[in-house]
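Take this structure, written in structure tokens, and hold onto it; I'll ask about it next.
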Amino acid sequence: MKVGKPEKLIVNGKRLDGRAFDELRPIKIKAGVLKRADGSCYLEWGKNKIIAACYGPREVHPRHLARPDRAILRCVYKMAPFSVKERKKPGPDRRSVELSKVITEALENVVFLNLFPRSAIDVYIEVLQAEGGTRCASLTAASVALADAGVPMKDLVAACAAGKVDGEIVLDLFELEDNYGEADLPVGIVPRTGEITLLQMDGNLTREEFEKALDLAIKGALQVYELQKAALKEKYGGENGGEQ
Amino acid sequence: MKVGKPEKLIVNGKRLDGRAFDELRPIKIKAGVLKRADGSCYLEWGKNKIIAACYGPREVHPRHLARPDRAILRCVYKMAPFSVKERKKPGPDRRSVELSKVITEALENVVFLNLFPRSAIDVYIEVLQAEGGTRCASLTAASVALADAGVPMKDLVAACAAGKVDGEIVLDLFELEDNYGEADLPVGIVPRTGEITLLQMDGNLTREEFEKALDLAIKGALQVYELQKAALKEKYGGENGGEQ
Amino acid sequence: MKVGKPEKLIVNGKRLDGRAFDELRPIKIKAGVLKRADGSCYLEWGKNKIIAACYGPREVHPRHLARPDRAILRCVYKMAPFSVKERKKPGPDRRSVELSKVITEALENVVFLNLFPRSAIDVYIEVLQAEGGTRCASLTAASVALADAGVPMKDLVAACAAGKVDGEIVLDLFELEDNYGEADLPVGIVPRTGEITLLQMDGNLTREEFEKALDLAIKGALQVYELQKAALKEKYGGENGGEQ
Amino acid sequence: MESNSIVASIKKDYILTVLETGKRVDGREFDEYREIEIIRGYAQRAEGSALVRIGNTQVLAGVKLSLATPFPDTPDEGILSTTAELVPLASPSFDIGPPDERAIELSRVVDRALRESNALDLEKLCIVPNEKVWLVNVDIYILDYDGNLFDASCLAAISALLDARFPKLEDDKIIYEEKTNEALPIKNKPVEVTFAKIGKYTVVDPNLEEEEVMDARITFGITQENELCALQKGLRGSFTREEILDLFDKAIEKAKELRRYLE
Amino acid sequence: MESNSIVASIKKDYILTVLETGKRVDGREFDEYREIEIIRGYAQRAEGSALVRIGNTQVLAGVKLSLATPFPDTPDEGILSTTAELVPLASPSFDIGPPDERAIELSRVVDRALRESNALDLEKLCIVPNEKVWLVNVDIYILDYDGNLFDASCLAAISALLDARFPKLEDDKIIYEEKTNEALPIKNKPVEVTFAKIGKYTVVDPNLEEEEVMDARITFGITQENELCALQKGLRGSFTREEILDLFDKAIEKAKELRRYLE
Amino acid sequence: MESNSIVASIKKDYILTVLETGKRVDGREFDEYREIEIIRGYAQRAEGSALVRIGNTQVLAGVKLSLATPFPDTPDEGILSTTAELVPLASPSFDIGPPDERAIELSRVVDRALRESNALDLEKLCIVPNEKVWLVNVDIYILDYDGNLFDASCLAAISALLDARFPKLEDDKIIYEEKTNEALPIKNKPVEVTFAKIGKYTVVDPNLEEEEVMDARITFGITQENELCALQKGLRGSFTREEILDLFDKAIEKAKELRRYLE
């Protein structure tokens, strides 16, 4: 058994942080928090603290990566050395490389890349404080940073995970549940179309559990979507136009 | 307390290597010691042994570093694995990177870079034997190598450190004083103009001590300057022209 | 003394794997075993298992390596992590770099590189199972892969080692003999011309022993040459043409 | 892995035209794997190995055992480590150098299936708690790339683990030359099933031509109890909720087929 | 950090024209810092942290503690290690990859101020001489680059050290989840004061526009006793002896201002 | 190391024209070395060192000693490690960065001669079997490259080893400041002799001009008993069996000359 595993993750029908099964952690999103970046987003999701910044469309370096018919999108997910319990050595690890890849692919779906041939759109995501679920939080923040930079998109991507903990399907796992639970299913969606552009799972789920978790994650992502839009409205004003 | 620290660094008004407070270590400079390099300099400074070589102006690799309006100057400071007490692993360490940067910046001041657009001037400095004060010795040698290569310069840069040892302000710290003294203040000057182009300090100095040390270092650098000129004269002849 | 060294490497005039002094291990060569590569070769040599693949002539990356008057040939020798007793960490080690270099040089001799200016011909060699003598086996396999790719060559290069074991000059050392024997002399030849294009030695040989070993290795390589040709004939048919 | 614009778009049109007829460019059904062959014990200096062929795709996995200190948070468990190398021998699109993001994703998705299905009983790989455990390295070596590396790599990894035998252990030293008869403690045999989405069509086990034009990819890791143990969606395209659930059902069926090759 | 030729030279001319009137492009006096804000405890998984804003420049420093073996020549002292990352989020001129010479210089100059002022009492970080000491990692993370990273980073580093609390130590293992109330043994609070020389003018706390055209830079590390503990001149330009002595006096005054933010 | 096409071919023609007259471009005989000078003790922070000049080629080797754990398969032997750096100071064709294939080949061929001739009695470098042995690092530093690095480097390496003295060992710690009078246990003094083949001519000790046009290179490592301890053929060209045997004989003669510089 793993050292540090709590005896139970669900006590009296509540999760260890007091949430109900289908309850999100508190989320706070703010667009436009950095001066230098073309677009940016600060996001708190439970105890996660994340900043995302977007640069571009801009010239591609190194040049041979440029594509004649479209922009390239590059998202880089990184954790600060002090964002986790034991100091993370600087430099990319294998997990960060994979996360960068799936986040990039999830966003490629919504950005109109063909409008900017031979260009690069770069999104840098820095996890300053991590508490489980940084993948969905990062994708959510990256979407807002892209929008804040004025990059044309068909929609935002909103993300949320569901999972299985002590036999129950629950929404939005925090760190203890992530480490010691039975499954984690992060989902990224394009709310307007219902398309799923990020989907991973590790753990163990039956067919039925999977369906239940998937639906719960989608429901969570739709809540996150509202917060994303609110953050953009707060910056750009939205009473008389925009999303509403 | 540090292991290996001598009880005293100054005994009966003399330093451990027998020098007076304002006395330089013996310095020997020879220009033009390598066949392949465009210019070179061998320098002994106390027990330091250093070779500097200059290549250029020449093509820039990688090309994207080239500047349309001037040459780039790149100095690389390196220590041989056997130049210090415990073998130094090959490859740049953080200290070498910093030293390379400040030496480059100190020399950029005197080289007429705008004469050679899109070119590179490279100076490689190899410390073969180190005994404290390699930064000033390297800058001094690099200057001579540049001059030996015929690179147009407004003047040489001459360098020397002063510092504080057992409470006294002394000139040109050797290794024990550097390791166990209270402060080290390396200074690089352009003798003809009095400009200071290299200046760093670590340790602890009051305002008064600093002024005294700065003046002592400048005085030392002026002595070094005479040796630099003498070395160039020895190679190129200088009785009837040149510096005099 | 080395741990693991057998008391004797030759017992009753036979080697530990039962071979006579001038006897090759069993060798099996098959051309054209990979779909994607332009040419390929699978080779078993004793317990060695090696695959070589040839790509090219093709564009050169990075471009600055291209030569205006000829193709560049690049052979890369690599060992799978599980090809040896103790897992080999992925990534090139110094031995692989040297082997890649000497194999490349041995093959440059026979490939008509000047037919393909500004191109690259790449040969990748993967050792899947190693039992001593992978250098000669790799060169042998690489030759066949080049031929299978239709790269114009003046001849194949055939290779075989001889060496000294318990005082005897023997052909084609296997791992124990390689590790604990007195000398290993790998030789690569161009059979039609008798040219030697790969030649290395480590160990200790007198002038006489060297001559004997060299001749034995050449004899071995000529046997290997027959097997190379047979493999190519088996693929391309050769009854009514080709080599015969 | 995208081909360049015009050629790619012509290729894609052609492939779609064929898919519209209900067939694939190589004549297969949408839900049909290419021919599969598994050769265990291929690399004999490994403690276990397997060469897997799915059509022209060839993947070799080797298992090496060694001794290690356990991780502090799992002091009584052995260690499983999975890597994948896209060796340049296998494709003109693979480069020399450290693993790129494709290789890292591949190894991590295979690792996930092995780990989350508890394929290896890690507690049985403990020798002395806190001090010494078996380290099991699964190295996946792509030899010929003609599509669908995930499924081939997972098959190769689990087959190599099944093939592996402990070497002799003597005074804390491994005698690699002497394999024992003892197999590794295998608890589950997960397989991965990958689908490619091309336009509105979804096919299992994409070959290289299909991968070059696919919009999205999805890989299901399925345990022998038909549960999901890993899931990975890839590329720019998307799936709907319904598509995913439907493909999960298909994956369970296909997994049964694949698992037959593990017996 | 130099802009390209023509644009840069026009920019410089403009900035110089303003400086001639005795003001700076953002309206400040020559010896005036931008607005400063320090938020301690910003990153709560660190043992200590601080976000520093100087104008639009934002720097976050985090302190992590762990156990280590002391260096052989200081067997009874803990270890202080300072790094800086110019994360690409903060500026289009920062790249992905290992620290470049700018990041290395920055971290070394901050480290120098901390070390030479004895900001941390390293002897009090010894647990068992020769065997076990506290390792204090100060990681400086540049979040938004609008000039004067040295001063902001030094403020962030010392603030994070002041903010830090030891985690619980139990049987030689750190329980990171439980912070004690014990602060680190801080002996000094050094600050750094940076001046930019543009033409013949010298201004404190350069913003990005000023940095882009400055000829030289000089940074003074000042202890709470108003002594010099670090000094770093940068770039191609030069200073005279008199300028340096004059700036040292100004730096002492400015350091007093900055130190107020550390209370 | 090849020069570019047309210039190289003109150069080669010229060099061949001279060779046809039985002389070399610098006036030497085919079997004549350039002037050789060896200065031992050049780098005094090394335990041993030697600067070797062959004509304008300058190579400095330094020997550093330290303590290490022996390799498991040679528990009672010290460790010899040889590296070579082609520092960019020495030639416009040498780059900054990790050793390239030329540097690796060079160091390995010198290492081979030292190792296979048993130049160092490794068993005498054992302090406590299985636990502690001397590690001997031979670092070869190319300072000026005017051809024939192999022979110069091998001379420098063995000279530095001959020059080396053990430092004082006190309570398992090395006192580098105090060298003893004890020399390293040298059992053999191998030298390397290199020939360049240009067209049909073969010359010893090629200078840079010759190396730039040579077709092939061959290096013989020769022990003091005139046996072969290392052999390395390089470049695209080839040698016949007879040429090799003939060059071996010449190498033995030349080795005697070189060995005189080791006394």
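A few remarks follow.
The letters A, B, C, D, E and F name the chains in turn, as written, and every chain counts its residues from 1.
Here is the rule we use: a residue touches a chain if its C-beta (ideal position, glycine included) is under 8 Å from a C-beta of that chain, and two chains touch if they have at least 3 such contacts.
Just so you know, these numbers come straight off a predicted model, no measurement behind them.
Shared contacts of subunit D and subunit E, meaning chains that touch the two of them, come down to A. For subunit A, the chain whose average C-alpha position is most distant is F. Set against the C-alpha centre of subunit D, every other chain centre is closer than that of B. Per-chain CA centroids place subunit B at a distance of 32 Å from subunit F. Averaged C-alpha coordinates put the centre of subunit B at 57 Å from the centre of subunit D. Averaging C-alpha coordinates per chain places the centre of subunit A 27 Å away from that of subunit D.
Centre to centre, using the average C-alpha position, subunit E and subunit F are separated by 48 Å. Among all residues of subunit F, those that touch two or more other chains are 72. A ring topology is adopted by the chain contact network, closed into one cycle in which each chain touches exactly two others.
Beginning the circuit at subunit B and passing next to subunit F, one meets the chains as B, F, C, D, A, E, using touch as defined. Partner subunit D is touched in their complex by these residues of subunit C: 34-37, 40, 47, 49, 51-53, 55, 58, 76, 78, 80-87, 90-91, 122, 124-126, 128-131.
On subunit A, the positions that touch subunit D within their shared complex are 2-4, 67-69, 94-95, 97-98, 100-102, 105, 108-109, 183, 185, 190, 193-207, 210-211, 214-215, 218. Chain contact summary for the complex, subunit D toward subunit A: residues 4-5, 72-75, 101, 104-105, 107-108, 112, 115-117, 218, 223, 226-241, 244-245, 248-249, 252. Within the complex, the subunit D residues that touch subunit C are 42-46, 49, 56, 58, 60, 62-64, 66, 83, 85, 87-92, 96, 98-99, 137, 139, 141, 143-146, 176-177, 208.
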